[in-house]
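Here come two complexes built around subunit A, the first alongside subunit B, the second alongside subunit C.
Then we have the complex of A and B:
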């Protein structure tokens, strides 16, 4: 639904569409809104039935407490950054050429290979958790940031390949033919022509991979102990054995989603174009 | 001297034969057009000459050397594509200069050569723009500039004007022809537009169903088409054909109508034929075939008149504006020396 077509419709049509969009926006944004509100409420007001939203109950105390005990959260954020950046960067570096090869080069059975790559994502996490744990612990790499990064890379690579392959398939082949006539080989075509025009899907794939790694909980729980704990684990620890300090947990969560939201806002245009190009044509 | 030679070249995609046994020899400096409807194999043939597609069988020779296994660069071809195929993220200057960069030419020399080409194509003020900021005609000129800058031995054009509006197409056609007259680079041009092919080419290869149906100068193709297909594909307004047979006296019989041929034409009586005549050889007057005016379409210099007669439809292209109304009975005189007669079975033209 483009805005041009929205403008063409009658007033009733417009109202219905706008109401639908408003509902969808609320649906998507409500949890985040509630996260922010609860991070600013005192524990007592928050757990009251219903929550007491009167202005005197709002406080920044949760944030100051969480930041005072910053060691754990700080380390968690640092670990998450390392793991997410590492797995995202490597997924792009490896995934982009792989996607291009599967889209354009005379690779025998390229479609089957692409499907196999996708199929690896169809196994439930729990099915590979135990073998993965055994392998990584035999290697002595439990509680190691890089081993977690490599595990995330194995999740991100297929996604990156699929997003980019879809986009590469949609590039008019005339441009690559022109490059061939201009004297560019496969690598030069890829580097000078294909990659620069693929910035939107590259950004979309990068943000997607980054967020996947940043938010991942299950494998981080299994494969880390203390040193390599990522943000989701640190946040979960606010749920204590005897009581859960919801306000502080929410404050930590707000701090941890900030980078992701920032990323999404910064790359908004590229992400939308990237997903539209990559997935629909694919 | 033969610059490009295509010998018994076929191209098969799965169970579809795009080109079969194509043979074509192009002389140095010649401008040859591959003309045909979509799907006739003309672009596939061009791609094989360019090195963008492998021939399934047969040989392609350039400068006397077999080039089947060579890349486009090694063949020293430059190509202009239908959708321009400009690099959308590069400025005009970088688009034109990219091929030189790929050849390791120094940046200062690239700049100099790009500017020279841009000046020749009236693109000098647009070097810093992106393709999206240019009009269709300007984009096409950039695509031509990209081909020119390298000073290649061969130019290949793949329907370069089909995305331009009618006026611009005429202008670009003239520009390409002038360019060819000035540089004399051997060129192959692909189009489905018969008028474009006629106006620009030294010779035309009319393709149909993956084969070259006729190869000849524009005049040969127009005046002496080898087959029914060529006759009807070439010419605007289109020639209309009628079925008939050769009478005992050597004239054409179509129903009750008799069209005399020049004495001694030598066609066997009783032979089933199809025949037609180019609209410019039809005149309306006091004698001739009885017909009725169906449609009158003035186009300025001439008027296209569609007539119904016993054998079907007949087109006349009369000079200036004419006073005729639809439904009017007329007599159409045809200049039988210019009759095109085809064998009804084989579709081949019979000389008379």
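Then we have the complex of A and C:
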């Protein structure tokens, strides 16, 4: 048996691997496909047994009905956009310099600080939710988009710091030394040299934070009422109210997840690398 | 000259780190401390006013005598253990499949990233539809395959509801952990496999003696992270079952939410939250221990 043959496997192993891949493809893709198909089918065809998938039953009506009937969905999308952009932008502005310093500058106890930041990410939401709810109620900031965005910083900032720190640890030190020899200060080095070569991990961190904020449900449930409701809340409410209009429910779900899924698919390679680097590098 | 340069770097470093730390502390420090203090009080919300009264460990005494708490604890233990075991094995399997030359196509990476990016709420709504007793596609498929004869109410009986919760959560969790493990597999140096081959190791032995030992750290990290994440599952319970039937799907996290925000018994809710917090804290300590750099890194 040659080495290549050993790594690839014989006919039996190849068959097992192909079967495994097929099974995995079905298991992952089938629910998503069903989500999309359900959102495009007329109610009658959808609840037929078995569902009638003939082409004339496909329609965009579910989408137009949901968008026209539910002002809440539009407002939810607007709120989610504000909350996600706000918390992502702040997390990047605060997190990038912090990650750089923790990875490259002689900060005392840099490792301990980095791990303390990581540890905050593991706090169960419920542990801080109750006091936060009391404080934010007393301040009269319940149902406010910005207070929700600030609470989201508590998990977005650690994510950004860890993804970027993982990348910054791997920059060859020659780059910074060359900049210092050329007379660049630390700020200039960070701004003109380090940040421009960090665009892939920066985009990974940004997409990651954006997705987390967009999908967050628990704090949104506790800290918003009506005006500041985000998309996941609207969808959960839909699922309660429109129990029986399955196609419209799925259309609403598709609308709510499409933006972040698109982002995630576009940036998948950066996200995967960024997360692996951040979570596995000490 | 060198020392002043070093001092400047140190000062700038602190200046870079400080804002992030201050913001995190401002958001988190008070709630963490207060959550511990709240657990020692009887806190009630009535007419928009909060009344607080110290009760020592009263909430915890109540907790240990509360049958619902123990039920939630048992549910959580079952759910988390099964979830972590299933996610770990399935993710490792998927990662091994995708590490084979047949699985290298970018298509599979898209298949993994989509369930990750899918909002947990949308995921729950989707599965509520798939599991629907009257028109759900699962009933339809199983009937046409002849596995079942009549439509099943999948979320209607305690045992079945908890296990479907588990399956849906595993479906959502595997892709991300598989991506982590795939990244780990790709870091196993090819030279090790070549050396094992030279020593006459077959595929199974080279998996056992090369792949598993080098992956040990990654697998350990995945297990700890997944355990922490499994303790946090909330959206799924909220949308799919609301804890029913007969509290069969009440996990600790959901119980803490229900007690606090539905029953408005804030101190008692905080006590339950503290139990979750303590569990998570131990796990987080394990994670840090696993990840902590063992030998000194090169000069910073």
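Methods note: the second predicted complex is superposed on the first by the 210 of 282 C-alpha atoms of A that agree within 3 Å, B and C clash if a C-alpha of one lies under 4 Å from a C-alpha of the other, contacts with A are read in each partner's own complex, and residues count from 1 in each chain.
Quick note on the criterion: a contact is a pair of C-beta atoms (placed from the backbone, for glycine too) under 8 Å apart; a residue touches a chain by one contact, two chains touch by 3 or more.
All of these numbers come straight from a predicted model, not from anything done at the bench.
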Touching partner for A:264 - first (subunit B), second (subunit C), both, neither: second
Touched partner set for A:36, first subunit B, second subunit C, both or neither: neither
Residue contacts with subunit A in the superposition, subunit B compared against subunit C: C
First (subunit B), second (subunit C), both or neither touched by A:51: second
Subunit B versus subunit C as contact partner of A:89, first or second or both or neither: neither
Contacts of A:150 with subunit B and subunit C, given as first, second, both or neither: second
First (subunit B), second (subunit C), both or neither touched by A:141: neither
First, second, both or neither for A:14, with subunit B first and subunit C second: second
Which of subunit B and subunit C A:245 touches, first, second, both or neither: neither
Touching both subunit B and subunit C, residues of subunit A: 180
Subunit A residues touching subunit B - in the complex, by the definition given at the top: 172, 174-175, 177-184, 188, 192-193, 196-197
Contacting residues of subunit B [partner subunit A, same complex]: 47, 50-52, 71-73, 77-79, 81-83, 85-89, 98-99, 102-103, 146
Residues of subunit C that touch subunit A when the two form their complex: 5-6, 8-10, 12-17, 19-21, 23-24, 27-28, 30-32, 34-35, 38, 50, 93-94, 97, 100-103, 108-122, 124-130, 132, 134-135, 137, 140, 144, 171, 175-176, 179-180, 183-184, 193-194, 197, 202-203, 206, 217-218, 221, 225, 228, 231-232, 234-235, 238-239, 253, 256-257, 260-261, 266, 269-270, 272-274, 276-277, 280-281, 283-284, 287-288, 291-294, 300
Contact set on subunit A toward subunit C in their complex: 3, 6-9, 13-14, 17-18, 20-21, 24-25, 27-29, 31-32, 34-35, 38, 46-47, 49-51, 94-95, 97-98, 100-102, 104-108, 110-111, 113, 115, 117-120, 122-135, 150-151, 153-154, 157-158, 161, 180, 186-187, 190, 211, 214-215, 217-218, 221-222, 231-233, 235-236, 238-239, 246, 249-250, 253, 256-257, 260-261, 263-265, 268-269, 271-273, 275-276, 279-280, 282
